[in-house]
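Reviewing the structure listed below.
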Amino acid sequence: MQPINKTHLKRFQGKYENRGRILLKCADRPGIVAAVSKFLFGHNANIIESSQYSSDPEGGTFFLRIEFECPDLAGKLSSMNTAFKPIGSDFQMEWKIVQVTDLKKTAIFVSKEPHCLLELLWAWQSGDIMADLSLVLSNHEDCREIVESLGIPFHYIPAAKEIRKEAEARQLDLLKEYGIELIILARYMQILTEEFVAANPNRIINIHHSFLPAFIGARPYERAYQRGVKLIGATSHYVTNELDEGPIIEQDIERVSHHDHVDELKRIGRSIERSVLARAVKWHLEDRILVDGNKTVVFS
Amino acid sequence: MQPINKTHLKRFQGKYENRGRILLKCADRPGIVAAVSKFLFGHNANIIESSQYSSDPEGGTFFLRIEFECPDLAGKLSSMNTAFKPIGSDFQMEWKIVQVTDLKKTAIFVSKEPHCLLELLWAWQSGDIMADLSLVLSNHEDCREIVESLGIPFHYIPAAKEIRKEAEARQLDLLKEYGIELIILARYMQILTEEFVAANPNRIINIHHSFLPAFIGARPYERAYQRGVKLIGATSHYVTNELDEGPIIEQDIERVSHHDHVDELKRIGRSIERSVLARAVKWHLEDRILVDGNKTVVFS
Amino acid sequence: MQPINKTHLKRFQGKYENRGRILLKCADRPGIVAAVSKFLFGHNANIIESSQYSSDPEGGTFFLRIEFECPDLAGKLSSMNTAFKPIGSDFQMEWKIVQVTDLKKTAIFVSKEPHCLLELLWAWQSGDIMADLSLVLSNHEDCREIVESLGIPFHYIPAAKEIRKEAEARQLDLLKEYGIELIILARYMQILTEEFVAANPNRIINIHHSFLPAFIGARPYERAYQRGVKLIGATSHYVTNELDEGPIIEQDIERVSHHDHVDELKRIGRSIERSVLARAVKWHLEDRILVDGNKTVVFS
Amino acid sequence: MQPINKTHLKRFQGKYENRGRILLKCADRPGIVAAVSKFLFGHNANIIESSQYSSDPEGGTFFLRIEFECPDLAGKLSSMNTAFKPIGSDFQMEWKIVQVTDLKKTAIFVSKEPHCLLELLWAWQSGDIMADLSLVLSNHEDCREIVESLGIPFHYIPAAKEIRKEAEARQLDLLKEYGIELIILARYMQILTEEFVAANPNRIINIHHSFLPAFIGARPYERAYQRGVKLIGATSHYVTNELDEGPIIEQDIERVSHHDHVDELKRIGRSIERSVLARAVKWHLEDRILVDGNKTVVFS
């Protein structure tokens, strides 16, 4: 494996240099799409992909994601942001307009089990996931070699219940230093403090090794085995301060049978965890996920 | 089973009396969404669901489907149609604006095997599929009892290679008499003539009992067994004059093993056929399918 | 729909007249398969299908299911049972030898929602499920017509919390009268008393409308919607006296999205419930399920 | 990534030192299981897992795979082989008795695309696949670094139509030198000569990037896109001298939509290819696949 093929990145930047995204959320009422599409047309932008959702047409929340092509996007982005402000105010929107090539600064947290980390590295390296993969943080040294071989900084920060505060202080310093926008918990087996979570709302993606809300908490495969389920699953979700209760992004399952003991469930589960986490991360990086209370709207 | 619960229909008509759909297709260029959403806003319509697709942002075909709520839709539909004409002309669109409660007149063709027919009847009866189920046509008498017990006209028209023309003449008369807009071939085992097919473009939905393009033609389960495949499938598609080559709407598969001989494949296959056909029909009835050459755009 | 095609039953009885099954369970130790296969060979029986499982090769429980062909099985069954007794004693087995054509006397319990009942009737009628479908019991009159049109006795027994005991007394009388061996709860919305359940160990199959152990108890679709899950499921299990905690037989799921509100989840769920229950019932009728504590061994 | 954790191998060898397998194939007739199980019991072996299949109980081919525990297996294996000979002769069996810890010498062929190779390396390294991974052969240098970093020999042998014979001669020399028993084509994009294939019957596993028999031959994703299929798949099969027509081992599919252009199909497809090939290889290494003409019996 070698550092991300510069060709992937170059090709991406060439292909999408004029591709922008507008994301917004506001109280639903007539005229939103008309206002936004008129705005885009006025800036000579062609809508490439558009997804919308209203939690309730009568008085719910409206969500919109549009990808557009716009000549000389880099030169116009600042003026577009200025020009959109009145619309945003008028509809009381939360909104942002971004360039697709402006990749998100991302940190991966990992402990000993490397399968989720490896999947992400592989997807990143092959151009399937476009992120600015800034650093990997771990409470173990096991994954250093593979991470550094790809030219990605690896930081070892010991962590345990007793030294949680100190560990997190060091982690937060690094996240700040690198300007991290997304934290991926790729089977990071430490609990995060409320402060850490609160400081990163909807910016921490975790992979839980069960089909939530079944088997919340520890040792889900052991409990799935005890219960005799016929399917096992994995769930990717944003981390909130209620254990395994954050907004679910993606889930998947695999069939198992009475033959499959705990070790076998773990083996099968690793494969589900890998793909579920990779899909969730891809969608987040492409701004396809909007959070609606404790749920997600996923424009996949 | 009893005739469709009037409650379902009443509830549907009440819930959606002001729900409309606009469907269109034209050469892609900037400004389409702006024009359409301005038009809807001008008619006081709120967009509930919007899906779009461009086969190629640079010079491809643009497809749009919007569902909207509009007070007093029934009273305004005609004026909306008039008012949209200039937009349609300007962009050279194929377009239509319809009321959701204006159900499609539908005919089901069936031979001896009743599983697909029964699934459709059940979905219709339980309100999962909203159609004006006008008649069932068959070249066998087997299904008469169940169809008539639901208050649906059943017409027996013998059919075979030698009498194809006469049979189709009678069928076409009935389709005309009932004003049929959609024909569902629910395991109808007769070949249709080119004339019949040409007279009903993108209005005949068939279920083929294989994962097309594997096993085009006759006896797909026998051939799947011979080949030793590990998955079998079914494919729902619009009928064109090239055998099993029409635009694919939906496909699904089920896992099989060396234990499953031809009879077992057929049994498993019936279950896939039922659900694949029912999904395709539901999408067609909800105007979710737009045909793009020999492919479909499905806004599911 | 017409009463079960006598052809199906005749063909089945003809094809399998000499087909037997041996089922057993005992402490694992060397020599079991040798003893059983020697026994079968000694009776001139050819093993057609054999499945075995040991919960733990060192001191676990051993489960065996064999299907065999044996000339003149009907004539020999009694002597085979006698001849097997010493082997059964020697290994301290729970065991039985049965004829495949000896269909299980089965009762279906249903309330108002007919989808699971209809699926079972359809599978039974088309020969996919071979059972002696003796009667349908319901606390509503809704399904009487369809059941009686197939020539199956339908018994209406009002049921509610206050009259549970009386209702169950009448139900138990009927079950006894018909010699029922299997009870299927096809969305029967009444709770059963501990006595009723205790009287029918591993003989009551229920369909729960969630992916257990998620959403145990009432209103699972509403709770799935609240939680924002991305998959919904159904679970078929044997009924025990702990709510939704009996041995799981089969589970399946379907993908949903933020677009799917509670009604849509219910619609999608009905389809999963139908197929999951039908598979569980088929396996039970074919003696493919052996109960291992609170789990099932399914030789599918 | 580091060379396979010796712990995995050690743990495996410790856990399975007395685990054996017997595999056989013969004309079906009564008494086979009785003879084999008596034999095993006579050698004090306990059957752990047993799978059998008869292509046709009346005159078909019978397949049997048994895993057993036998004290001091290593010491007894030779005498067991001798003792089984009369049984093998009596029933005219093809048979073998092996030790589970006797890992198969395996070679992987790869071209430029590394995803299947990486999956296999990862599965091997994490102990999910137990093989003696002897060497990797490639007609490109791209994968050398990752392979060698795991301590596996990497051989670069240029290959092209014009130099096929010479290339294969060098390959065959290496396969012989290493005593290779299994060849995995992990997206190896060169055609093999008839001689090469004939020299390795049922010992070459390929991954084809379509749901065979759809899209046999080159550029399947392009053709799937042209046809507008709604599912894409991958197929793992043994290589024979008829292109993409060898016995199918495993297949799987993933859902796609009109949004997915060729590049996207390839991306999704890579994920299916990886898992389908890994499953097929795992089953082969565990002797779970028996070839029945142009089909496989898979005791998974």
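Labels for the chains are A, B, C and D, by order of writing; each one numbers its residues from 1.
We take it that contacts are C-beta pairs under 8 Å (C-beta built on N, C-alpha and C of every residue); 3 or more make two chains touch, one makes a residue touch a chain.
None of the values given here were measured: they were computed from a predicted structure.
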Quick check: more C-beta contact pairs at C-D or at A-D?
C-D
Determine whether chain A and chain B, two copies of the same sequence, contact each other through the same residue numbers or different ones, counting it as same when over half of the numbers at the interface appear on both sides.
same
Farthest from chain A in C-alpha centre terms, which chain would that be?
C
Euclidean distance of C-alpha centroids - chain A vs chain D, Å
36
List of chain D residues in touch with chain B within their complex
53, 211-215, 227-231, 233, 247-253, 257-259, 292, 294-298
Show which residues of chain D lie in contact with chain A when the two form their complex.
1-2, 114-115, 118, 122, 126, 128, 145-146, 149, 267, 270-271, 275
Chain B residues touching chain A in their complex are 28-34, 37-38, 40-41, 44-52, 54, 57, 69
